[in-house]
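Both complexes shown next keep chain A, but they swap its partner, so chain B is in the first and chain C is in the second.
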Partner chain A sequence: MNVDFSRNHFDLLGLPLSYAVELPRLEQAYRALQGSVHPDRFAASPEAERRVAMQWAARANEAYRTLRHPVDRARYLLSLQGFDTGEESNTAMPPEFLMQQMQWREALDTARQAGEAAVLEALRGEIDAQRRSMLALLATALDGQRDYEAGCALVRKLRFLDKIEASIDDALADIEDAGQ
Partner chain B sequence: MALLQISEPGASPDPHQRRLAVGIDLGTTNSLVAATRSGIIECLPDAEGHTLLPSVVHYGRHGAEAIGYPALARAADDPANTVISAKRFMGRGVADVAKYGALPYRFVDAPGMVSIETAAGVRSPVEVSAEILRALRLRAEETLGGGLFGAVITVPAYFDDAQRQATKDAARLAGIEVLRLLNEPTAAAIAYGLDNASQGTFAIFDLGGGTFDVSVLRLTNGVFEVLATSGDTALGGDDFDQAIAAHWRAVHGLADASGADTRRLLVAARRAKERLTDEASVEEPVLLSMGQQVVLGLTRQEFEAISAPLVQRTLGPARRALRDAGVLPASVDGVVLVGGATRMPHLQRAVAAFFGQEPLRDLDPEEVVAIGAAMQANALSGNRGGDADWLLLDVTPLSLGIETMGGLVEKVIPRNSTIPLARAQEFTTFKDGQTAMAIHVVQGERELVSDCRSLARFELRGIPPMVAGAARIQVTFQVDADGLLSVSARESTTGVTASIGVKPSYGLSDEQVAAMLREGFDHASGDRDARALAEQRVDAEHLLQALRGALQADGNLLAPAEREALEAAMQSLDQARVGKDHRAIKSAIAALNTTSEPFAARRMDRAVSRALTGRRLDEVPLK
Partner chain C sequence: MAYSDKVIDHYENPRNVGSFGKDEEGVATGMVGAPACGDVMKLQIKVGAGGVIEDARFKTYGCGSAIASSSLVTEWVKGKTLDEAASIRNTDIAQELALPPVKIHCSILAEDAIKAAIADYRTKHAGEAPADKKAAD
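On to the complex of A and B.
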């Protein structure tokens, strides 16, 4: 396949290579790119062009999805700098962070079993505050200090937070649906 | 005097005539076809002026003997041979259809999909749907005066892969070129959005005869971005009829009703439901098959009480869609009601209460999907004018994953991912020396494989023997713009790569479709060859013309040798085209498509570069 996929996601969407991304600009660039590559633009074109369009549109969707999500974006930016966040292999965490995780997990399980939506919402708020401060640290590490090792460590922690937030959302959804 | 054709302002610059493209809403209860006539898009009526075609086929000894209203008229006296709501059986097994309540059919358990035994033999829901689509194709061709270039066919947004594939197969059987499968709520959003030049966040609440969808979209400068979709493909107006019929059976002691009576009760129930939109209480006289005449009464209050659980069932998916979209009910700028079943007053009240605003109903809820599909069909066939430029970005409704150890699902693509998309995930071997791997593709949100829908199973062989965990098997999921999945896998550690591509197993194979066509579904053999030849010639001409244009615009992207190779392949097709062998033309088209692919790729790359530089400088919003 000759499709030139050598551009990185930032290049592809015409954004500077930095962690800080202006969301409106990202959205606009994404829509403009899809406007020229989406298969709907080539529905009446020869098959070769339709195939290429589908690959490009899939590529644009992947780039947009990655850059829009703050943790995915950080992981991707680190990979461009040659750093592997090692989330599967490197599970070493500071003890106080792990303690905090266990406390949250326990609180989540207790609230889920009791069907206490308000408790879950409060827990989510607490974790989200922690998440926001970590994202601020991440921005400083990546764009300011260019301390990529610190960036990798933050991404690993944030992955934990994303997972627990997803579990809380699932539990909240189950409670809401059961209340029907 | 010869009539001169004058093209519309802003119409396609194509030197050939405007391509006839239609939108088809293949509904559970009714189907419609819409197209541009005299410059406006409208639903096409039949000879009697009906735009709705009841999605009903009556089978006799010689095949499909009636379609639409005449078929519906046979429902009471010959229920087993009158197939109604076939859409609910598309891509479904026997266990699935058992949940729909009492139905007067002799179901046959066929692999992958249930079939129905009729007087004409066993018919699959795909064949029944093909009869309906064919009737709509003929209606369109007669009304528009020519062969169809293609159609956009709508499907419920929450249709899974099996149901989408079945719909596409039905279209192929009906001799329709599918330009795109389009989600019903998205089609409605196009019709609304373009009608009102709207901007903002919209929820489309679509309750049809047999399916329920709710989609949340954001409209920005002509881009329709679906943020999330949810629904229930086994919830619709039919279930309200079933609830009424069950109520009557209980109240009037009609528990052991025959097949004919089941259908009569359902017909009376539907009439009662429709009348209760405007009346406070109704009475429906029903003549039972044993000659017994009963009068079945229902007040609006009773109806609302017995169907309250069904109304409640729509709110769960509505909540899920909003949650997945990250949108609060209060920040929705408009709620659009689609589907005949949204005429029920208590449903409207529930929707208004849920979203905290009165829903919009200014377009006909039964026609809006077909109209939106016709708009998209025009756009896709190159008929769109310069000022009618929009783009749809839709999503896949259900998560896709593969089975891992312990019967657990590893999600590869989460629900509500924008399509088209391709995503790869790496898996590894479990045992030392393992040389093959079974890959089981599933769709659904649950963690256990047994709670999800199985889409395909295949084996990757030829993995070099290694210790457990050393192999790197990359499984790639690709979802195209129709929302259809294909999966491939390759092992790539040792430089030896094995690769296989699969399509999910529910659809018909090309051979099966060919066999069905041979059974005289569509045309006599001679006709078929003539038609195939005509089609291949048109395709060949279209391809050659497109490539000539491309060479003129971007020929400098090719080295002289590449250009020679491409021109040679074009020459071969040009020669095959004048021959009488449609297969030879087809293979020359395929060869030219392959030869021209690198050229297409470079052209796209150039287009992307231009789009980026152009738009980055002046920040012009996409119109």
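On to the complex of A and C.
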């Protein structure tokens, strides 16, 4: 058993190199791979072989985690194409998009302070609808048009939506805790 | 992670929070965002006679370091010419606030915000005689 670290996540899990991923197939491939390298199977094996199995298990976990998340998967696919999504360095988002983020953040702050769970739920629904339409655009950009610049821009936008959704979930959890 | 005293000071007593009126003379706006952390920053400058920044305002949604970085920049740019303000570097901000490496992107965001505001001012006033010339006429 050799660990070939040059194989990409898709190859490792026996999936075609595309943004569209059938989640049941990903799940199945991950379980099969994970089962074949499970430490229990190597309990009686020499030390070196056990270490290799551990490395495989770690690789399989990383591949699965990355490919399961729709934004991480896009970022990874873009990196394989030589495109950097610039999430750490690119701050020039379209003004109307940033204006929308400001409005959402304001609405979130107001609702959190007032403890209005229903308002937060509605806001989350609005953001999630946008997120879904952006994910559809991302699939078209990556698998259809192969417009990788557009793909990078969508990944950057989706990161904002993921962050604000996480903040809304935190606020909702706080309200629930306070109500108990 | 511990914040420096300067970050805490700017976070607890942010300087120049808010916005200018839309139609105020000489106002320009820079808006930027950091995808990695979801921070959004709006920085406005009010440029007076002589091309000098008279006042500045900011609104930032983000962590303490992002708020402190923008608060600090609004203080720094007051009284500066556009060129002087454009020469502010994120490293100056990071050093002043003693930001740890993982928060350097907050200072980059603040530098990009002031640059965007200056660019907005220059776009709006393109083709006009420089403000200092007008004041001298």
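Assume the second predicted complex is superposed on the first by the 177 of 180 C-alpha atoms of A that agree within 3 Å, B and C clash if a C-alpha of one lies under 4 Å from a C-alpha of the other, contacts with A are read in each partner's own complex, and residues count from 1 in each chain.
As a convention for this text, contacts are C-beta pairs under 8 Å (C-beta built on N, C-alpha and C of every residue); 3 or more make two chains touch, one makes a residue touch a chain.
Everything numeric in this text was worked out from a predicted model, so none of it was measured.
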Worksheet, complete the sentence: Partner touching more residues of chain A, chain B vs chain C, is chain B
Worksheet entry | Partner chain(s) touched by A:Gln101 [first = chain B, second = chain C, both, neither] | second
Practice prompt. Go through the superposed model and pick first if A:Gln34 touches only chain B, second if only chain C, both, or neither.
Written response: first
Worksheet item: Of the partners chain B and chain C, which touch A:Gln113 in the superposed model: first, second, both, neither?
Response: neither
Fill in: Overlapping contact positions on chain A, where the chain C interface meets the chain B interface
none
Worksheet item: If you look only at chain A, which of its residues touch chain B in the complex?
Response: 1-4, 12, 14, 27-29, 31-41, 43-49, 51-59, 61-62, 64-65, 169, 173, 176-177, 180
Response to the item:
Given the complex, residues on chain B that touch chain A span 19, 179-180, 220-221, 223, 225, 312-313, 315-316, 319-320, 323, 376, 379-382, 391-393, 417-423, 478, 480-481, 542-543, 546-547, 593-594, 596-605, 607-608, 610-612, 615-616, 619, 621-622
Worksheet item: What residues of chain C sit close enough to touch chain A in their complex?
Response: 31-38, 40, 42, 59, 61, 105, 108-109, 112-113, 116
Worksheet, complete the sentence: Counting only contacts in the complex, chain A reaches chain C at residues 85-93, 95, 97-99, 101-102, 105-106, 109, 155-157, 159-160, 162-164, 167
